[in-house]
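Think of it as A, B, C, D and E in the order they're written, each chain with its own count starting at 1.
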Amino acid sequence: MSSVVNTTHAVQLHEVSKLYGSFAALRKVTAEFAVGKCYVILGQNGAGKSTLLRLIAGLIRPSFGICSILGSAEAGTMRHSIGYLSHASMLYDELTAMENLRYSARLYEDNSHSTTSLWQPEQVLAMVGLDARLDRPVGKFSQGMRQRAALARVLMAKPELLLLDEPFSNVDLASSAQMLRVLAELRAARKTILLTTHQPELARPIADFICTMHEGQIVSLEPAQSPEGRSA
Amino acid sequence: MSSVVNTTHAVQLHEVSKLYGSFAALRKVTAEFAVGKCYVILGQNGAGKSTLLRLIAGLIRPSFGICSILGSAEAGTMRHSIGYLSHASMLYDELTAMENLRYSARLYEDNSHSTTSLWQPEQVLAMVGLDARLDRPVGKFSQGMRQRAALARVLMAKPELLLLDEPFSNVDLASSAQMLRVLAELRAARKTILLTTHQPELARPIADFICTMHEGQIVSLEPAQSPEGRSA
Amino acid sequence: MTYVRIVWAHLAKDLRLEWRSKDAINGMLFFSLLVVVLFSFAFDPTMAVSRQISGGILWVALLFASVTALNQTWTRELRHQVLDAQRMAPSPASALFLSKVLANFLFVSMIQIVLGPLFIVFYNLRAIGQGWLMLLVLPLGTLALVVNGTFFAALSLRTRNREMLLPLILFPVSVPALLAMVQSTTAILTGESDPGLWIRMLGGYDVIFLTLCLLLFETILGAE
Amino acid sequence: MTYVRIVWAHLAKDLRLEWRSKDAINGMLFFSLLVVVLFSFAFDPTMAVSRQISGGILWVALLFASVTALNQTWTRELRHQVLDAQRMAPSPASALFLSKVLANFLFVSMIQIVLGPLFIVFYNLRAIGQGWLMLLVLPLGTLALVVNGTFFAALSLRTRNREMLLPLILFPVSVPALLAMVQSTTAILTGESDPGLWIRMLGGYDVIFLTLCLLLFETILGAE
Amino acid sequence: MKKTLLIGLPISLALLAMGFYQAMYVAPTEATMGNIQRIFYYHFPSAIMALLFPYVNFAASLVFLATRRSNPLRAQAADALALASAEMTLIFCSIGLATGMLWARPVWGIWWTWDERLTSFLMLWLIYVSYLLLRRFTAGGQTQTLAAVLSVFAAIDVPIVYMSIRWWRTQHPSPVIGGGPNSGLDPSMWPAVWWNLAGWFVWGVMLVILRYKLERKRQWTEQESALQALEASLETAR
């Protein structure tokens, strides 16, 4: 299906289906996502984008088929190198952004698997354009600020594989641009990025491939119109 | 501040401030929103857009200042004619979209205040582009489907004043267009619409006025570039 | 009429939600059984005095059981901020309250219907006084618990530690009712004194507090 | 070492959250106070048997207080799907469990420190047996409650009727622990029998179930 | 399924009929209790069966936990067996409780007493009710795992319950027979016991196999219909 040159693959899906009762949220999806590329996943509401990302993140298991992440088909082995941003913020409402990040850092640091150190909370907050001195708990953030704090948590662990579910929703234009610059840097550092959005024009500048989903299937996976310089 | 011709006003704010602790989410906002117009409210994350809408909806009360809705300054008297769509869906996860709407309808119908009948649940689901036969509970909807169901609930009571907080977020392009057509019809029926968004290009076709907020203040309230035909 | 229809709409919704997770009822039944068993572990029912303390045990068990149930009444209104929708709806707030009281009354009654016989079996009880009076004491007592419980659950709804707060407010206010329940039950079981006064007191308590709650609920719900 | 640091990170987070909304602990304290007062309404403490039933009362009160508290332990992990983040983190799952057990142990102990003296005052208790043994029974009993409670709260986390389910699975499994607590407490208070056997049993129960929970927690957390 | 019924039903019915005959007509009437004692022939076998099937449940749950990743098919089978044996435990446990209580009422004059055997039996019943409730309360893929974990807890808890109950309230005189099981049983009563025991055993095993097959079938049709739905939706997509 995909015409990716055979580098090592960040994600390989083989006939993966996900059923909820008799409803198929994913239907025999076969695809490969190459290391170091940025994939923008488009599709209607209910097409199965979030389900796909949650599946790759290991939060749900496929009903049928095999899904192997960073070369490992066993769930949970690659946790330290996957970052997942969901619709929900995954942050504690009562803690400030800094406290949330510090706590999260503890769970990822000192891990025998990963040798790379983490970002400092201050750095990563600056990356998403949040003021690190803000002492308001996250529960009192506006919707867009919360979304940015959530992204900061994901970025902090310097994951190899980034799964971003609508990172720009509720985020204002200036901050979206800022976030895009960060993502572009990550892509340059050969991180793999899978990103869903309903604003393709926003994500286009960093897209290597555009992946379109429809009713639980990947109907096309094509190089983006303007692949910036680097060979696909 | 505004240069609206003096029709009756749907919303009048006079030096309205909202404080959280010592932080001012709204700072002496004075503005008038005319009946039958569509206002698109723009602004950065944390500018105070959601706070403004919640205040007009009567869910929070101003710390200072007066806010009068549809001619009444007393809170709660105009409930039957206000529709408010928030970031949250305001739906029961365990019920289907139809059941949610039927329940909600009961709370609005047979009301001595409102003589207009409500929309039928089927009609209003069709309006937002959801399949009325879907027997999945709302909790299992995708993010965008949930957002559309939430909008359906708001529309059903045929409110005079519509407060929509980022109605297009997480909604795919086709459905956004569909929703815009509905909003355009409502505007034609002289309903007042206040709508926040981070995708101004989407909302522009139906905007009569563009209202820009910054750090808790309305910094500009201007006729939209392309006011469609009708005099402002 | 409109009012009744609205109460029914609320109630039907709650019952449907409950029905959808059908096992809630099963859970309740099993829970009450567990409570009886646990209590008879903690308080030896073979003791001679068990008849004297069983009135207290019955009501304390019911109280704990209902607090567990009451805590959940409003929780479903909080998710996805449905409560905001309720606050904005033009229908009278007291209808919402009444429907919740009815729903809770149904549930706690259901617990009792199971708990009662179990109690009799495990504690080997036989009423020496007029046993049929229990048919008056039980619903009246339940209503007293439920009216205040539902109200205070709503009151403590948007405070931070919702579930903790409920018993804190509920218990002191319920003390007279609890006293009346315990005393009348003991009077009936031992036949030593006349439960009439206590039952009348329970009835009065119910009327007063139901009225009060209906009147004040709008204020509670509207509070920012 | 890393493991200890991770446990500490979890624990510090929980304590900070609790500290920020201090009233949880205040609430629990007040709750237990009320329970004591209430129980002395329901069961006349001047009765001769009060010494015999007070062990039961103490532990039943603690059981219900902890169920209310335990239900909330994991609730904060559910909001905004933080739990998904926990499931995806590379740190060992058992560390999360251990920290929750520690936090809950602290909270319930705090209740006891207040409840104990109150109890003594209201019920006019004086241990006839070896009073200092209570310093062994209380922590061991609390640990038994808290270990299983935390585990089953996690187990019922993503089920429907979460709050309902916890007591349903916790109570039956905890019966031996509850029995041991009540019996050893009564033995100490009345001085009629030797609590040694019961205390050893409590200790054994704690060790067995803590091990079991630590081993199986990963499975629970990972279940889809 | 048919085969199980064809073989199991006649055998168990025959055994039970023989047991009934032995219990009601052959066995002598007990001296003190009279005819009511004949409940014993139903009470005892079901109580024994209720003590047997929990082990099946525990073993099956362990198999499930061990193989759920490596060998999902076997794990599914183990789970079906766990469910079947849990339900069977509950049925026999309930029968044991009910017959026991029916017996206790005329003989002891009370429905219930907190005797060690009765109490631990009740605990067993409670634990298995909570096991089945857990299975109903959970949805989707987690049911089996969570239930298996609870089953492990139950298996470890039951002996502890038994021990603690034995130590409990030993002070209080209880109106129960002192001796162990079968202590004073007249030899002429044995045939009735054995026939009924055998009958109920075959009956129980048959029911477990039936329930197991039913559950397997449910798993199978669920999988099958899911696959079919998947294929069908793939068809329409083309």
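A few points about this structure:
By our rule, a contact is a pair of C-beta atoms (placed from the backbone, for glycine too) under 8 Å apart; a residue touches a chain by one contact, two chains touch by 3 or more.
Computed from a predicted model, the values in this text were never measured in an experiment.
Contact with chain D and chain E alike is made by A, C.
Top-ranked chain pair, ordered by C-beta pairs in contact, is C-D. Set against the Cα centre of chain E, the chain with the most distant centre is B.
If you average the Cα atoms of chain C and of chain D, the two centres end up 25 Å apart. Separation between the centroids of chain A and chain D, computed from CA atoms only, is 40 Å. Separation between the centroids of chain B and chain D, computed from CA atoms only, is 48 Å. Under the contact definition stated at the top, the residues of chain E that touch 2 or more other chains are 126, 129-130, 133, 137, 140-141.
Chain contacts: chain D has residues 21, 160-161, 164-165, 168, 171-172, 175, 179, 224 touching two or more partner chains.
Counting partners per residue, chain A has 20, 23, 61 as the residues that reach two or more other chains. Every pair of chains meeting the contact definition is listed here: A-B, A-D, A-E, B-C, C-D, C-E, D-E.
By the touch criterion given at the top, residues 21, 23-24, 27-28, 30-31, 34, 38-39, 41-43, 47, 49, 52-53, 55-57, 59-60, 63-64, 67-69, 71-72, 160-161, 163-165, 167-168, 171-172, 175, 178-179, 182 of chain D touch chain C in their complex.
Those residues of chain A that touch chain E in the shared complex are 17, 19-24, 27-28, 61, 63-64, 215-217. Residues 155-156, 158-161, 164-165, 168-169, 171-173, 175-176, 179-180, 183, 192-193, 197-198, 201, 205, 208-209, 212, 216, 219-220, 223-224 of chain D touch chain E in their complex. Across the interface of their complex, chain A is touched by residues 20, 23, 43-47, 50, 87, 136, 140-145, 148, 166, 169-176, 198-199 of chain B.
Chain D contributes residues 2, 5-6, 9, 12-13, 16-17, 20-21, 76, 79-82, 84-91, 222, 224 to its touches with chain A in the complex.
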